[in-house]
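In what follows, a single structure is set out as structure tokens and then discussed.
Chain naming follows the written order as A, B, C and D, and within any one chain the residues start at number 1.
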């Protein structure tokens, strides 16, 4: 990649980094990406309701959480056409290059940020070099700023190449809440795809290392549990209350204590809890946003059933009622080895690649599995490609950052693979 | 009491009911009370910093919680002079009638509301008759609207009477958070008081019943515990996180499990909990607003020490740090039997009083104990008077309400007692 | 009391102290008491099945727990006639003096010891002076050795007096497990009693202090909870197990966390737990012997219902089954003030009495309440008398001991009261 | 294998099955094995202290748990010479055939049973065919009866063969408590071994399937935690007690709640708990026998450190003291692929073998890892061989049983491999 191109991509990544937006609220980010798509020139551009299946969206926040971000995006200079198309949580986009006869190749990148306050330490490059998050309390702590950047870089490289066939760039919203993958999968846009690539940066692989076929996706279910008891004066009539926070605490303790499983890895987290209204009132209501995962769908189901039982029993224990609502879910998936081989071979030709792995385990969840599953069920192949990057802090921590040299590696490896597939 | 007076008091109580304001934010309420004080005519009027010891205030919310209520009070028509005097959480007032030689008699009433959403059921009189809370999410669920009304009624009755001496009406803010009593006590305004009466409506006593000397106050400590761990991706690196919500849950469970004490009643409540930022992130931070109480100060201390140990051990258990900060505290206190006798005798002359008790237990906490303690230490006497009222829902519940006939009982009993003391 | 009599009683008390026997296994103790009854001479003597209602016994241990104690008593020299009469857990006795026309007065004492290992410290008088428990692991840690001794002393004093009427000495077994009181009450022996006295030594009152009418008995329910899950290899198939020890642990935590009650004192204890068979096997079975108490029968019921819910929910939480069986229960009761007055007056004439209280709270449970309730329901009066004694360690601890001077106080106060009642 | 040989082995296995003995108490079992060794004829025979390193034994029970089993073995007809040599928990044996020049090949089998009550259901073959456990409460629920039988069968087959070199049969005690492996390893008997085979039956592989090199051993640490508080009367002075059972319950809950690890499988079990002395006494003492495991030694260490923290924090939470003592430990290990290949090839020649796997994961722990590690560190090779068997119930459950056809498979596969190594 030439210097100018790299400088452009680096600048774009920093701009996106400075403007992190959480799931379904990527209004400014989508707008900025559309600018780039228009600059590059594409043959199809689907926005908002046209890019996804509206009813299949999961974990969409309420109107009053969406609106301030929509307004903030306008204040930041987002385009009115994009703001109109995405209003109500219809972020993301799908662009296509039509280059005659040939296979349909798709690349999926995601664009949302996390509710994490970014480090302000001088040791943290974005803070030191002036592109730390402008949206205090939110942060690109998982590299989706880099994903979007690489996606656009690949699009431009493919556009300039001899590629024959159709190339689709999927700009997926709401990956962090496992909310967008299903909506993209069910849009139909992927049903004619022969080869699907999805990418992720980092994952504890160093700059220069490429994983051609990531596996070991954990199936996941996210849920919201609500406990309802009865309030009472905590000093005068403590036993007239039915304490939703006691029920919540019992549930949290016992969720983590769900027995490990002999068949493989499982996970559980009680990520957000809230309950009660005043120090001296027996809490009437408490909620938990939690998740369970499993190395296989069966293991996820095991955790899921146990979690339901824990929540119900904890409520019964403290004479409360409980409801559990699934807010998001994703299956497991496997990368196709033959498609991974193509990526592996392509990576062998890219300068900057110092290490290649045919496969490695993710050990987390990704709703790219919905897209992979969709393509595979329609007869296509899919692989999830890892682009290593030296990251000082772990994913989802305040000091996460990417080594920007990996932007070039990502663009070069993926565009080379796409070009080989399109020959 | 004549019909007109009762109609006026009923109307005033409903007006206050319709405008509930939480602790240290009683801007409109104070303003409305000052209107009444001016109408009645008083010899002294102390507002804001003049009515209390600013440094002794406890549980004062942050500026950004105070300001919206201040603005809202202005919008509702509060007086600019009162808004100026009370800005920054200096609510409440102290008025005095000077009627020549004679003892100093004081009456303390409180004025704050609770963060409870008021019932909208047609069976709930305020909803049915149109004076349900205008401040959604907040409610006079403990009768402080009636307390303020009775206090003003007594002041007017005393003003019109032959009472000789000085009568002070103490309008205390922030009782519900145990935040205002100490500040009033340390203002010095009570140091010359010979006889202090404090009143409370309801307390499970029916309309027509009067308790001349309530006892059994529980000493109380309210605190905020903060747990700090470390965030991590809950799917990929669950063990790299240190989970503040697990620590919180362990603490809640074990706070309630503090052993009961053979020496008397104890209480514990984890009233408000919050923790975590996202479903898939190991929670880095969690907080709890809790309280402990004891029948004696020693029992409160027992609970308090055990609670500190529980919080620290729960944090250590999950490799987190914890801090515990006391936000409010109140001692125990006893009513003087001889002063209660005066109230008992006075009640015997009031029509509407159908039952008199010399004493009864509160079984809760009240920061009137700070005032009682102050007066008793300066050689005066104090009693806490219960004015029964039929209340459909319990104190601190969404269906609490008062039987407005008890407004007349309260005014008549207390003003009769004050007049007897002033003879 | 003369020196010889006191020396005899002291020696007897030490002999009983040296031979502590737990509930329903007081074979040697009963035998030794029968020796004394015969020495004194009584008009009626009921043993074993004749002294109680066999079917109303509660908490009787299994044959294989009874037999070794029966054999041990024989080895220690117990009388064959008593061993025959008491075999199978029919310990205790009832003796009567018939002294012509007059009221029927009864005195109840209890005789069982506790499963506590007695202190061997030289600071512990029984260890230092050579009458520490011979039955390692068991101990008279609640003064029942003194109760039996005082009962016999009173019997002898009454026998030598001018008392007119009938005097019954009730030697009750199995008080510590709340197992014997009901069986004595339902024997019918108390149905003609006009005045019932029951005594207890210590209770945190010093030597020389007498409480004429103890009140504040806690109603109690003891129960055994059994959790049944399914075993599995803890390494290979942890999730195939259903863990009874996890269920037990969740239950213990939440039993202690049952909310305190505004109406009065409650108690809860998980006194004995057992579960599992091997370190590497998921535990299939676990049991808990627990208890709940309440200041009133209603409060005991509140705790009891909550406890059942906790056990069932804890089992459901971990996919186990649970059963809860009540092993013992006792109601609350009140001493009659008029009968207590007689004791109070009698105590005024006894040298060695330095302080008299008309009433005081026990703050614990006692199945003497079954006897008191029975007598009161048949038209008689009852009082529970506290005989103070300086005790270095608390009741039910390894260093509990009595000040033997209180033996004389107990005998003199109670016999004087009995004589007054028999005049 | 001919019919007679199989009939003999089947009969021997049933005899051992009928007489299960737990770890370090395999007195009768060792005696019966020595009978067979003498019948076959061996060149070396080491018993008791000669077969192992006495000081390296772990988890040896107390004398009073050893003695009854020693006496019971004598009653069952065990040989006096073996009883003498094994007294005090020195069970097991080591026999060798010396067949001239050639490599040293060793086979390790284990012999102890589990504290599980065997099923009496007619569907359970041992119950139906009359060889159910005679030692009620104990059971060969992991197939060590079959292991010993196969070991002897292999020895006899090798003795009758052309094998050149030295063949050692290691009869290891106390595998179930992870107590014997280290003692065998440190005896020095294995230091000259070139090829070590260890076998296990079942492991969810069906009859006819052979795994040539089992891997995936979980490193393990077993420990005993003791909680010490202070007893008190649970009714009268509940807060004077410091409750060891509350500490235990908090520990159990939080042990299971130790966060799962992203690097691989972990395990935790609280296998045996005990605490308290009486229903109405605050428990002074409680103990737990627990274990943690990890896919690697590092993961075991992670769990181990967290477990220590949990125990200490749970004790601190309830004002108790705690100690944690490691009772047994075993590292992880890997089978040598080249040695596994020999077994794989040998299995290909055995009738009855219907399926061969080069490797499979155990998913549990085994102290054979101590022996494997010792041999590998001295330059030899080791493999752990799985002999499939249809087992109706899982390992460590009351309905576990083996398909006796697998005895022949085991003997034939292993003896063929030994003979190939000895050529």
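What we mean here is this: a residue touches a chain if its C-beta (ideal position, glycine included) is under 8 Å from a C-beta of that chain, and two chains touch if they have at least 3 such contacts.
The structure displayed is predicted, hence computed values, not measured ones.
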### Query
Shared touching chains for subunit A and subunit B?
C, D
### Summary
Set A-C beside C-D; more C-beta pairs touch across C-D
### Message
Quick check for the class: compute each chain's Cα centroid; which one is farthest from the centroid of subunit D?
### Response
B
#### Entry: Where subunit C and subunit D are represented by their mean Cα positions, the distance between them in whole Å
48
### Summary
Between the Cα centroids of subunit A and subunit C the separation in whole angstrom comes to 66
### Message
If I count partner chains per residue in subunit D, which residues reach a count of at least 2?
### Response
236-238, 240, 246, 250, 253-254, 256-257, 259-260, 262, 267, 282, 363
### Query
In their shared complex, at which residues does subunit C touch subunit A?
236-241, 243, 246, 250, 253-254, 257, 259-263, 282, 302, 309-310, 312-314, 316-319
#### Entry: Residues of subunit C touching subunit D in the complex
114-116, 142, 176-177, 203, 218, 220, 222, 230-238, 240, 245-246, 248-250, 252-253, 256, 267, 269-283, 286, 289-291, 293, 327-328, 362-365, 394-398
### Summary
subunit B partner, complex, touching residues on subunit C are 253-254, 256-260, 262, 264-268, 363
